[in-house]
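Alright, structures below, take your time with them.
Two complexes, one shared chain (chain A), two partners (chain B, chain C).
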Partner chain A sequence: MVKRKVRLSEILLNSSVFLSTALSALALGLIFFYVIREGTTLLNWELFTGNYHARNYIAELQDNQSQSYNMPDFSTSENVYPVDRFGIALEEDVDLAGNGVVRVYYVHPDSPFNQMISKEVGTEVVDLDVGMIFQRISYVDHPTSLSRGGAQKFATELNDPQREVYELFFSDLGGGIQGSIITTIYLIFMTIIIAVPFGVLTAIYFNEFAPSNWITKTMRSFIETLTGVPSIIYGLLGITVFVPLTVRFTPAVNSNLIAGALTLSVIILPTIIRTTEESLRVVPDDHRAASLALGANKTQTTFKVVLPQASPGIITATFLGIGRVIGESAALIFVLGAAIKDTVNIYEPSTSLAVHIWSMMTDEPANIALSSTIAILILAIVLVINVTVKIGVKLLTRKGM
Partner chain B sequence: MKGTRTSLSQIDTIIGSLLMILALVASSFIVIIAAFITIRGILPFITDNSGLGSVNVLQFLTNTVWLRGTTFLSTAYGAGFIIINTLYIAFLTVLLSFPIGVLTALFIAKVAPRPIAATMRTIIELLASIPSIVFGLVGVGLFLPVIYNIARAMGYSSGGGSSVIATVFVLSLMSIPTITAVAEVSIRQVDESLEQASLALGASPTQTRFKITLLAAKSGIFSGAILAVGRSLGEATAVALVSGNARSGPSFGLFETTATITSTLLQGLKETNGIDYDIRFSLGILLMVVILTTNLALNFIKRKVGNVHG
Partner chain C sequence: MEKVIETQELSLNYGDFNALANVNLPIYRNKVTALIGPSGCGKSTFLRCLNRMNDLIDNVKVEGIIRFNGEPVQGVGVDVIELRKKVGMVFQKPNPFPMSIFDNVAYGPRQQGVKNKDKLKEIVEKALKQAALYGEVKDRMNESATRLSGGQQQRLCIARALAMEPEVLLMDEPTSALDPMATQRIEELIEELKKDYTIVIVTHSMQQAARISDNTAFFLLGEIIEFGLTSEIFANPRDKRTEDYITGRFG
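Presenting the complex of A and B:
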């Protein structure tokens, strides 16, 4: 009887272990599954190179003459409606927010739509590209075609030889993340350039030069405390210290990417110091003694003998820092705001990829599809960094043995 | 010869002091953070906030409604419910993630065969490296609809699923890898002779794991929990996306919308000056104080608990 009881409790305890492990694994699985399911539909090259804000065009045709074009056969493609009169084809599609749009599916090389005159400032020639979206087309003495009516009606009306095109309103798709990718790259470079030398030199001080007394101990514990500070607090540091500082000493007039990079540098500094110090510590003391015995001074020994051996650790630290920069959101929202930009300038604010997600998730309605696509990109980079760091650590431990 | 010697050691002294300056700057950041935030955060309490009157410290700490100053022409900022919400959510998060995290660590360290343990360890590392905004995104997309439907089926109304429980779930996902990683290290450090003695005395492997190994590793396990609490208290973007950002409280019901210190900090970012701007620094002070106090309290408990079994 007693034995049975024991066995039952053992089964319960053991299954609780397995259940917990399964839940932990499931958590990662769920995240990847969800992000990939929602995000892959938008994953294409244009997304990475395109602008976020759609550009609108108003134009008129140079000649309104109809002629016949040698068009490919669209009868097999669903929701595609050819306009034989002008050599284009339109497609019924849905945009990122889920609204129906009339998208350009095909433009014949000789089509008059390749040589339109812009009705905005100047007489710039504009052309219609595949993927662009028609808002409306107005005609002389005929009611305007609206995209709301659907692509089929739109195409039929445009094909009507009775109608003379007066004005065309169209836009490119928008929703690209080119600006945020560039911002993220800028932030990574600036942060690494500031934080890595700073962190490595500080680590050298602590490991090679610092006397072991209470001052060093206090300094160490102050730096260690930084790791427990939440990133949103660093955001407050950024707006009170780094933004005014950069406004004062650079052409920037408001929050800017340099202030963002400085804030991120403080965030990753403790990691870089700790990782570098760990790798300095495993350099055998014999090497230092040998170098000193050969007549080199401490500076030469440190920079020519010890530091090169710690390089895998420094590279690991750099990658960890890059990972943190890519993932950071709260601090950057404070320092840089959440306005998505297409042209990036280091003296102006713009969003990194993570803040781009925040910006879209706080929009009404939230753009989950594009957010998930960016999340896929972020996760892919983080994955690569993880593998690199693992290899770095492996190299480091091998050196240490 | 002697001349070179001295110049070489002079270089050492110069380089040494240059490096010390850098190290001093690095270690002064925490002081700069504390000083600047405190100075800015005190402003709403000691100035008259361009005619609105100063914020009462006691009311700030105890009131249960958060009114935005310039909008409501008042200084009735009550952060009392926000403090309670923040601690309540951190508590629930640990309640949920601690057992899961520790038992996963036990599995990796003691139960699983080597290849499976390695895979699980990689899974935990990956989970730890996912940025918080992605957790927020998954929380909004995956959890909120489910929670909304469950709440409706149970007759509760929840703001589109934004709720205490959604926040706790998201924070738990983020805490599990922290707890597991720290717990696994301390479980593996447990002296094997202890476990062997237990097995020799006739205890089963399961009994040994739960009664000897976990108990011997409890100090390290507790450290992991403290780290996880710190992370839950300070997490901002993911929480702001799923909490519902309530303006009053406290919210104890699992399906009620809520607000934490960090999520309130992220509200109303459009202001660039005035009381609505400065009050965020007051919340910053509050956040630091809450994190510091919680940490001290938990470390105190850890020392007490750790001493019982030596």
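Presenting the complex of A and C:
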């Protein structure tokens, strides 16, 4: 056997192939590692379901007399301090942004902290619920205590029979991203409903109906160029066209979700057109000819024979679009605003998850932990979408072809 | 003998290229007419003139007269869809749609507005029986047509064309992608079908033309060199070029 001489250039080529792969994998792996390391500490169901803006309450007790309550034993729980005198327990905890807070760990049903007299206009009584945050307690004839003293200090003071509670300032947890999740879901649905029909029909025009002349070619290369335009430019379009348009025709008064969805539709339209067109192009001409030879007209051929065969491509296009909607931030800051909302209204500004990250990072100081947690959520959604698309397309192709 | 289709001085140009020149050919009812000739001689182009499938290609210019049952086929006012309903076509490669067997055959009638399920079932069964496929697929009508074998797919395509109840069936090398067994079944089928239909078949195989056709037209460079009874053309070709071709000297 002749031993083949391996050339140096081949060794270099092969090693650069392996090296590039290793570097790419390393870069992607590091991103995942970083995001997951930073974000998992805050990963918590309350974050996804909670409001961002904490609601504050000021109230006084109806009854300041000590009673004995049949309290559970908290000695095994760490950082929990019972207040036997009032039938509650306080916990040293961190909020969703990672700051130390005093949370309510337990409230006895007979505790005077239930049915407190609210000092706000419009509400009469207010309950203290498990999970709420103690901000400040004022006492009669004693100095006011703030939460930075910690749970233990609050508990010791409250257990002191000499003290009479004058006023309690407390709040919900806050910092949740529920509103941003809902906005993102709204954006996905609205954008897809607008962009997919337009995109698919445009692709049909280009692939099935358009004459092959310079006008078609020019339009096609325009669309191709549009896929590469930075999204902030679409944001400019959105703020100069879609925001005034929606303000004119809907109850909206400034940036709003509809304008956001319209802008995103324009952003994903070129991708949808191109992907759909590619899947239309691979439909064999034989099938078109067979349909026409059977006396079907162009429209029937296009919608009954060609389009169904392109459906895996259209699904792929749709999910690429969804990925883009989830990831978009720059354009949305213009047209949707960066105001974090807990109740979402399509006529009002709100924030998507990606813009929420941006808001967290522009806070002083930047909240990297929370941003990473949102990033984990976004990555998870994108992962789920990708897997769904793969399975869906596989099922479709197996059924049809 | 009654002529179903007749062409007079038919010529066709793709841009500058002259694909057909001065073709005069009668197609007789309930006969099988074979179009033979070397690749690029214009026989498929001619076939596609008969149901105007050449309309799909840009830059095609057709001159001359084509008559189907005495009515012109070319021209602006002609209802192409009506023509294609009457002149069905089977292609070189089996091309069933990626749908169920039933939906494939029902496709044509459905596009013409037949919605009644029983009526569709009747049409599909009849077409599949005519195409000698019914026995093989009657229990798997809802299966995808692409799972059938090549020969079955081609018979399905024939059934799909027959479901439109055409008068003429154009076949463009229908067996060139099939194995000998499947080819034989299609040939037997053609024999059977000519009782009810007029068939025009383009074929590369001289043996096939000799076996199944009544009339044969020999095309060369866009012209008809010879047309006549198959038995005569194969036994005593009048033209030297025909003789050379059928004896395998070129092509």
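Following the convention adopted for this analysis, the second predicted complex is superposed on the first by the 358 of 401 C-alpha atoms of A that agree within 3 Å, B and C clash if a C-alpha of one lies under 4 Å from a C-alpha of the other, contacts with A are read in each partner's own complex, and residues count from 1 in each chain.
One rule holds for everything that comes next: a residue touches a chain if its C-beta (ideal position, glycine included) is under 8 Å from a C-beta of that chain, and two chains touch if they have at least 3 such contacts.
All values reported here derive from a predicted model rather than from experimental measurement.
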{"item": "Touched partner set for A:297, first chain B, second chain C, both or neither", "value": "both"}
{"item": "Partner chain in contact with A:49 - chain B first, chain C second, else both or neither", "value": "neither"}
{"item": "Residues of chain A touched, compared between chain B and chain C (which is higher)", "value": "B"}
{"item": "Which of chain B and chain C A:15 touches, first, second, both or neither", "value": "neither"}
{"item": "Partner chain in contact with A:99 - chain B first, chain C second, else both or neither", "value": "neither"}
{"item": "Chain B versus chain C as contact partner of A:67, first or second or both or neither", "value": "neither"}
{"item": "Which of chain B and chain C A:305 touches, first, second, both or neither", "value": "second"}
{"item": "Touching partner for A:34 - first (chain B), second (chain C), both, neither", "value": "first"}
{"item": "Which superposed partner A:284 touches (first chain B, second chain C, both, neither)", "value": "second"}
{"item": "Touching both chain C and chain B, counted on chain A across the two superposed complexes", "value": "297, 300"}
{"item": "Parts of chain C lying in touch with chain A, wherever the complex brings them together", "value": "51, 53, 56, 58, 81-82, 84-85, 88-89, 91, 93, 95, 97-99, 107-108, 111-112, 144, 146, 157, 160-161, 164"}
{"item": "Contacting residues of chain A [partner chain B, same complex]", "value": "6, 10, 13-14, 16-21, 23-25, 27-28, 30-31, 34-35, 38, 198-199, 201-202, 204-206, 209-210, 218-220, 222-223, 225-226, 228-234, 236-237, 240-241, 266, 269, 273, 297-300, 323, 326-330, 333-334, 337-338, 354-355, 357-358, 361-362, 366, 368, 371-372, 375, 378-379, 382-383, 385-386"}
{"item": "Of chain A, residues touching chain C in the complex", "value": "212, 284, 286-297, 300, 304-305, 308-309, 399-401"}
{"item": "In the complex, chain B residues that touch chain A", "value": "8-9, 11-12, 15-16, 19-20, 22-33, 36-37, 40, 99-104, 106-108, 111-112, 120, 123-127, 129-138, 140-142, 173, 176-177, 180, 204, 206-207, 210, 230-231, 233-237, 241, 262, 265-266, 269, 280-281, 284, 287-288, 291, 295"}
